[in-house]
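Two complexes follow with subunit A in common, the first pairing it with subunit B and the second with subunit C.
And then the complex of A and B:
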């Protein structure tokens, strides 16, 4: 007996468009999560407003970078939730949808929904940040890089969890450590000088440092600019390729 | 022929807290980050605040971190209780057992306190050292009052957490609801800065939140923001009253039933 189903050869990222749409519909119902996606950023901005209002421009661009960074947390939660609770990833992987399209589609769907609170923060920041076209372009570019890095890392992390309850502790440590402890919401120059090179190789603080430099808040040396931009570019590409390959590998697990 | 279980001989009380202690301990043992996260998170925020604020506010910020840690237990209680009910359907078992809802509440609150104790001990030691280093060592009675305040917040926010958990319908709601509730409550109260730093309208709102009286009482007792004895007694009374009202409302909202 033969099947009438015609299986066309699989190509990378097959089904991406449809899975972006699926995730968009799923996330579009998460109004509560969308509304609360800015809580930490809001709290930190309030702290800066009350304790040191002079740092508000830096804090606002930091809040935008941090918001893009925490989208990786959404990807982590969503991927783990679909796999552990719903087991719907088995269903998706049994379809012609390619695993890397599943990962990227989820990340893009989440981005399209959660970008609106970030746009709102950017709109409010117009009151305190003197944007120029080049500064806005730079902020857009580094934020996109941070998002892709974070979404890739979030997806890879999600495959290691066996229960949803454990995710919170690990993810809050990861995202607060690299997004709050390192100089994202405050100038790089307030960070200990010996540790500043480490901050420049970590994507969120590297992105923030580049924007702070363009903003004129800090004077980043040429070497510093190369270190930050080079690290960001390399880590983003490495993590994205790694996540796509990891998605393929983990999809084959029983 | 099967023999009926002689339930009259089985102990029906006195085992809840030790059982939940083991649950809390096992949870930390299996997930080290669960113990590390409550220790590191207040320090991450403390470090951030120490960079952007005047150095003289450090003791106030350490106390704020202690109060915030206890307040965050509410989020953990919410997460545990909702997960056990929705994901594991364990609440059916607890409701069917001789354990009442108050024991269940204190049990979950106690198991989560286990994970928070290392953070509180480290923050307490840091507070003692910073105050001693500044020539104003923390008096013994201030430690007792601090413990009392922490106990009140533990009971209050655990009750709020468990009350909300009984209304949550899906796993997806747990994190955003907990994040919104407890982060906003923490932000509105003057935990990390003197209340005088806030705009007048905000100060008015803050006076409706129990954590504000906890912060004002501890800051006053430690001499960080000096206050007269009468004022401190008033803060203590208002903290007790608001805690009692909060716990009563939370227990009324709390659904103790299967499913």
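And then the complex of A and C:
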């Protein structure tokens, strides 16, 4: 009976692998949601194709960055839904599973399902974007960073809501404002110059600017590169560590 | 491992929220649960049962007081207490897009239980909860009772040394409830300890070795179901159909409760014959039955409310 009780010092992220698998199974059943996850990106790509086909390479890499960014929205909704409607937090937090494993497991489970439409967009983009190994690597790295940032922010946000409906307005505002209005789908140079430094410190537009620069679409100064890459790296790490610590803190109500 | 599964001393919890006065949910609750016991917390809605359970299951911090799970300080070192516990949360639901089999198995694996053990416990829990026919259906297609059974199955499959069940049989039909009772009894025979809250007093009576009645964040009384019933002053209740005007004499037999025209008297079996003779002499119909836990609960909580 008590042989299962493991009293070794609690290891960070204990239970991660199986919570990833749990979330993978849960999300894997939502095929319609997976299929429709690219609607906004698809529509925006069609708009760009109609209005200015020359911007399609930028729009395609922007669609990839945006897709990774909106995964945070899914983490936000899923975490709040499971906590508020299912009380899953109570089930999992009163167990040896570590709260940060719950957060990261959820984020990874969602990623592993919703990455496939992104892969499809990336595959289509091969016809439009002249990828070099360094460009592909850069796009991969910044996309991963944007995903980790948005998943972390999404999880943190989810803990502040007591009712699911209240989330929709905020999540729509957050993800559309920083993912669509800011220069993710279009070149940074088309953004008002006075606001460009802001765009360079916000993760989705910073990531897009770095890729646009590597594509040769915009000429980013050395300072601009440092600002975008530095702020992206710092924000990603800070938000991820913050979310892991926040997950631990909020596992227990004060 | 400590023989004391749970021990709380003077546990207090005050909720503060802006714009409203503080709410004292627990006002010095001291509870002990020995290893292998089944203990129920009874109380009205808002009495503090769930708050206590949440603190005991490391999900909520107390304002003051101490709580230990198998000797581990559950407030200061929750990570040390968590391997010992598993919780069926109030109004908890399984993942709608998992089947009961997937839900139970993945939960056990996430707790660190090995593959073969998880598999066998998963199948055993499915059988115990009568979920065989729906074990591979997505939970979203299950009835409320089947979902609740899935939650209970998920937690009992852990075979954790201390199980917290917050209204475990809510929404279940009478057959399913009895199935849950049998499974929970079986678990304690294997060494687990149960602490549950319920509003079903028959469930509390069948399942519990001991009961705590909580009201207004305090323990009003504690004991076995028989002890609580005996505290009424008798183990039988006699209801006189039209007892108006006889209350004064009836009170000499035991505690009386008037309900419309009827008067119910709690009486010791030794005085039953005398009371029935009295009823017959006054040409009154009388029915006799055992005192239930419900009467003990209502009187205990009712007195507390009246005192306040």
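The definition used in the following text is that the second predicted complex is superposed on the first by the 245 of 254 C-alpha atoms of A that agree within 3 Å, B and C clash if a C-alpha of one lies under 4 Å from a C-alpha of the other, contacts with A are read in each partner's own complex, and residues count from 1 in each chain.
One rule holds in what follows: a contact is a pair of C-beta atoms (placed from the backbone, for glycine too) under 8 Å apart; a residue touches a chain by one contact, two chains touch by 3 or more.
Since we're looking at a predicted model, the values are computed, not measured.
Of the two partner chains, neither subunit B nor subunit C is touched by A:129. When the shared chain is aligned, subunit B and subunit C each come close enough to touch A:30. By the touch criterion defined above, A:19 lies against subunit C but remains apart from subunit B after alignment on the C-alpha atoms of chain A. Of the two partner chains placed around the shared chain by superposition, neither subunit B nor subunit C is touched by A:227. Using the contact criterion defined above for the overlaid structures, shared-chain residue A:156 touches neither subunit B nor subunit C, since it reaches no partner.
Contacts of A:186 after superposition on the shared chain: subunit B is touched, whereas subunit C is not. In the superposition on chain A, contact is made by A:85 with both subunit B and subunit C. Within the superposed three-chain model, A:97 lies in touch with subunit C and out of touch with subunit B [touch as defined at top]. Applying the stated touch rule to the two superposed structures, the overlap between the subunit B and subunit C interfaces on subunit A comprises residues 30, 85.
On the subunit C side of its complex with subunit A, the touching residues are 1, 54, 57-61, 78-80, 82-98, 102, 106-107, 109-113, 117, 138, 151, 154-155, 158-161, 164, 190-192. Those residues of subunit B whose C-beta lies close enough to touch subunit A in the complex are 31, 33-34, 36-37, 40-41, 44-45, 47-49, 51-54, 57, 79-80, 83, 87, 171-173, 175-177, 179-180, 183-184, 186-187, 192-193, 197-198. Interface residues of subunit A facing subunit B in the complex, by the touch rule stated above, are 30, 32-33, 35-36, 39-40, 42-44, 46-48, 50-52, 55, 77, 81, 85, 164-166, 168-170, 172-173, 176-177, 180-181, 185-186, 190.
Of all residues in subunit A, those touching subunit C in their complex are 1-2, 4-7, 10, 14-15, 18-19, 21-22, 25-30, 82, 85-97, 101, 251-254.
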